[in-house]
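Several structures are given next for inspection.
Two complexes follow with chain A in common, the first pairing it with chain B and the second with chain C.
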Partner chain A sequence: MTAPLLSLRDLRTEYRTDRGTVQAVRGVDLTLHRGEILGLVGESGSGKSVTCMSILKLLKRGGHITSGTAVYDGTDLLKLSEAQLSRVRGDKIGVVFQDPMSALNPTMTVGRQIEEVLLQHRKISKKAARARAIELFKLVRIPSAETRIDNYPHEFSGGMRQRVMIAIALACDPDLLIADEPTTALDVTIQRQILALLKELRDRLGMAIILVTHDLGVIAETADRVMVLYGGQVMEQARVTDLFEAPQHPYTRGLLAAIPDPRRSDSALSPVPGSPPDMRAPPSGCPFAPRCPNAMAICLTPPDLYGAGDTPRLRPAQYTRCWLADPAAPADLMEATG
Partner chain B sequence: MNSASRMPLAWLGQRVLMMLVTLLAVITLTFALMHAVPGGPFVSEKMLAPEIEAALNAKFGLDQPVWRQYLSYLWGVLQFDLGPSFKYPGVSVNSMIAEGLAVTAQTGLLAIICVVALGVPTGIVAALNRGRWPDTLAMFVASLGIAVPSYVIATVSLYVFALRLGWTPAFGLDDWRGYILPVFALSGFWMSFVARLTRSSLLETMELDYIMTARAKGLPARTVMLRHGLRNSMIPVVTVLGPVVANLLTGSFVIEQIFALPGIGRHFVLSITNRDYTAIMGITIFYAAFLMLMILIVDLLYLWLDPRISYGDRK
Partner chain C sequence: MSAPLLELKNLQMHFPTRQGPLKAVDGISLSIQAGETLGLVGESGCGKSTLARALIRLYRPTGGRVLLDGQEITTLSDSAMKPHRRRMQMIFQDPVAALNGRMTVGELIAEPLEIMNIGTAAIRRERVKELLEKVGLGADAANRFPHSFSGGQRQRVGIARAIALEPELVVCDEPISALDVSIQAQIVNMLSDLKRDTGLAYLFITHDLSMLRHIADRIGVMYLGKLVEIAPSEALHAAPRHPYTELLWSAIPVPDPAARRDDAFETGEVPSPLDIPSGCRFHTRCPYASPLCKTTEPPLQTGADGHGVACHHPLPSSPSTHQQEIENA
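And then the complex of A and B:
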């Protein structure tokens, strides 16, 4: 097995606010291989966006990474200075944000916004940067690239703006693309186009993608592997087919059950009852326990992340942070909940 | 898409027309107010002989019906003639404004330069150093500049620098050093105001999503702020700069009084105590026209600052 492209160990990030400290990420481990699409899924406040923004220390005011390592291609990014980190941002790692309406500078032509990444990281002329920007526009399939390059963001539709964002992120041929809810702000039909584009670009250019979403449908369509986050921790991770076929964590099952089935018109929506925990004072045990239909007394103690080595019924590369997967858990209990 | 296509000539024409209508309202209102005020320009403690007063009234047309006075005044204004001063024989209001403006514009222009060239950079430096000592210091001084009235700044600085230390002359603009104190007193408030506005607007802009995009591109923090933050945070600053320019160029009575500068602000206030009707009206109209022009210029600057803005209905 080759060395992973990125490996996060025990990442912890908190936000200090006037109303207390929010423990957004509480010890996340993550491994990403070259060319892989890893989905991060969870509700709002689960820590999925903060996890991937912590990799490049792109945190809003008040955000602090309190511990952990993020080894990318042999270097721990969290130990780099801001100046060293800025050589990684936009060059080795590109980022696509959620809302293409607000993520582009409204007072600058899209061409300049692409060119400035190239001029920052590559020793090339303005003319060459412009040529490359047009080439990138064609890569992300923006029609009439040569003329559209001189337009301002407000002259594009949402889907086209997200293509511009992707072009910016890909400008320097990164090995990793972080896509933070890239389709959440878009129409459903446009969503599919953008996801198809991301997947196609991965196949052509070979970069790895971390795809953050709250939509399991997006994961099913796009990702190779998936991590389910809740309360700033990884609840379950598995290959996408395994997660859909054999979800282990009660939270994952709740999420899957919450996907409406259009073939059954009589089916009522079945959301996961309750609401996410207050991350200023997260539960001491399993964060999902207060909402969990299978909660037991032992759930007040934090469970470990169990793998196939601990519990035979887990698939290879599947992990779950649940007492039900503890080797000591009675078999009939697992049968009853499975 | 260039600026011209976002500002159709029809829009500009309409805009100028609206300015003229507003100006007509200003003229009519000031004229009506002047004539509603009891007494007249030639009523004073020293009783004039009735024949002399009648002769004066006749000379300036004050014996005519009001509507006729109004029409002839309006006709004059249309020809850029604001009429003769009632107080100073042989002096026209036009020449009063021209003379006053020549003085006021010198200190006013320098004050504007100070506001822009010192106020904006101070705000930027404070924002770049948010929470650290340059920010604290700049905002402390700026708060003082806003809180302390200009006449206090003027008299205290006059006392310290002109009388005690003797570094600057106490009045007049014969020497370049004579400009320092009046310009400082004039610009102190607006410099402080603009510094605070620049800082807060810039910090607000720095929280926007596209700033995060700029950081994610690997641009250095300074570039992020200056290239992506500054332009977008300048809109509120430009908005206040329009009226500030009009304000500083039309002078401040207090400052002109303290430094004995024969500027337009001083003329204006003196014309009120003198009941110099045409001078009051003329300067008011001049100020109104100037303010409207500055606001138009601000609107045109928006076009340059923000490509999303366009005027008139465009297909």
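And then the complex of A and C:
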């Protein structure tokens, strides 16, 4: 097997706030291969966005990484200086955010914003940068690329702005695109267009994508592999079909039962009771235990991440952080809860 | 059938702008029966939130009529509207953003009762407790401030405040969009329980089409200020008749990788509401558009089954015959 493109080990990130320290990410491991679309799914405060933004140290005020490594193509990004990192951002790794309007400069044409990225990272002429910008607009299927390139961000619709953001992120042919809730602010018809575009770009350019979303429908449509985060930790990870066919963690099962299937009306909605934990004082054991229908006394002790090697019930490449998957757990217990 | 609880007749809500009138709502007729949930969907800018605000008279409509229990309220002054206000309440996407952060939850919920001069302070306190229990927060919540609550709990506060005056109609404008997935179902189920227990009616606005199917009895689909289709929820899902409804439905992400679609989905975007296309407003994006669609706006026609559609070439129950029908026409 070839070396992974990106490998996070024991990533821990906290935020210092006036009201205490938020333990946003608490020991996340992540492996991403070239050309792979990895979905990170979780609710607000689960740590999915902070995990992504830690990779490029794009943390908001008060945020800092307390431990871990993020090896990208052989280099630990977390050890780089700010100057070295800024050469990686936008060059080797592109980023797309939820709200393109706040990420674009409203006083500059979109064409110039793409050219700026190119001129910063590449030794090319202004003319060549402009030609490349038009080429990128065509790549993300913005109609009339030659004229639209001279428009300002406010002259684009929400969906087209997100295409502009993707064009900027792709300017330097990155091997990795981080897309943080790229379609959350968009209508469903536009969302489907953007998701189709991301898949097409992956196929054509061979780049890997980390797709952060709270929407399991988006995951099912787009991702190859999924990590489910809760309370700053990975609760479960699996290939996408396995996660939906054979979810192992009670949290994953709860999430799947709480969303409607648009193809059926008879499926009753089963909410997950309770609220997400306060990450200033996360539960001492499994973070989901206070809301878990299967919680046991042992859940006050943090469970390990178990794989198929520990529990035959798990599928290849499937992992779950749950005591129910411990080899010592009685087999009938899991059957009763499954 | 008795008179509907609320009826709109050719309702218009136009806003003047420098580029000409923005026709946010451009002639919509519909009714909501007592105890019914009417869902309203459409892409952003279709006018669904404007319609909601005009029908509960947060706006004064620029044309058409609004009837509450058969009585016209379209142009009533604020003071003449006051006795009607308690019958129609609203729930917002983020209820607490619109509320005074210095007031306790108990004060916030008691406020509508005070404004309407209902009960003594002691009676109102009892009522607040009752309401807090009803929305699953518990009476202890009365002394806390909304900022100490999670998003789902805040929406419960918003709901308690909205139902304090025992309204007959509650307009819910994207009430779950800002909530976590695991919390959304809690709120949707609670709204269903409230309706079952008190017989209130909802106008439920959302862009989450799959959730709407769970809560709505009927669904209306809006496009650029017009109602293009309205039908019982099941009929609309099983056999949408307007090509726009079909487009919306096909865009919903399905939480099942086995149903994944990898085709390109190039269906264009909504035109500007300042520059509405001629004829059928949807013709610029419609795969079935004919020359007629470019010139003549189709009226909403409702069949005996209560399924209304505004389209020259509505989809039949069997899609394969549809293209043939258009070619024959």
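Remarks
Rule of thumb we're sticking to: the second predicted complex is superposed on the first by the 330 of 338 C-alpha atoms of A that agree within 3 Å, B and C clash if a C-alpha of one lies under 4 Å from a C-alpha of the other, contacts with A are read in each partner's own complex, and residues count from 1 in each chain.
Throughout what follows, a contact is a pair of C-beta atoms (placed from the backbone, for glycine too) under 8 Å apart; a residue touches a chain by one contact, two chains touch by 3 or more.
Please read these numbers as outputs of a predicted model, since none were measured by experiment.
Counting the residues of chain A that each partner touches, chain B and chain C differ, and the larger count belongs to C. Contact with chain B, but none with chain C, is seen for A:Ala103 once the two complexes are overlaid on the shared chain. Of the two partner chains placed by superposition, only chain B is touched by A:Arg87; chain C is not. Of the two partner chains placed by superposition, A:Arg315 touches none, neither chain B nor chain C. In the overlay built on the shared chain, the residue A:Arg9 is in contact with neither chain B nor chain C.
Applying the stated contact rule after C-alpha superposition, one finds that A:His214 touches chain C and leaves chain B untouched.
Within the superposed three-chain model, A:Leu256 lies in touch with chain C and out of touch with chain B [touch as defined at top].
The touching residues of chain C, when paired with chain A in their complex, are 43-44, 150-153, 180-186, 188-189, 207, 209-211, 213-214, 233-234, 237, 247-267, 269-270. Chain A makes touch with chain B in their complex at residues 56, 58, 60-61, 82-83, 86-91, 94-95, 97, 99, 102-108, 116-117, 120-121, 151-152, 154-155, 165, 168-169.
Residues of chain B touching chain A in their complex: 1, 207-210, 212-221, 227-228, 231-232, 305-308.
Residues 43-44, 141, 157-160, 187-193, 195-196, 199-200, 214-221, 240-241, 244, 254-256, 258-263, 265, 269-273, 275-276 of chain A are the ones that touch chain C when the two sit in their complex.
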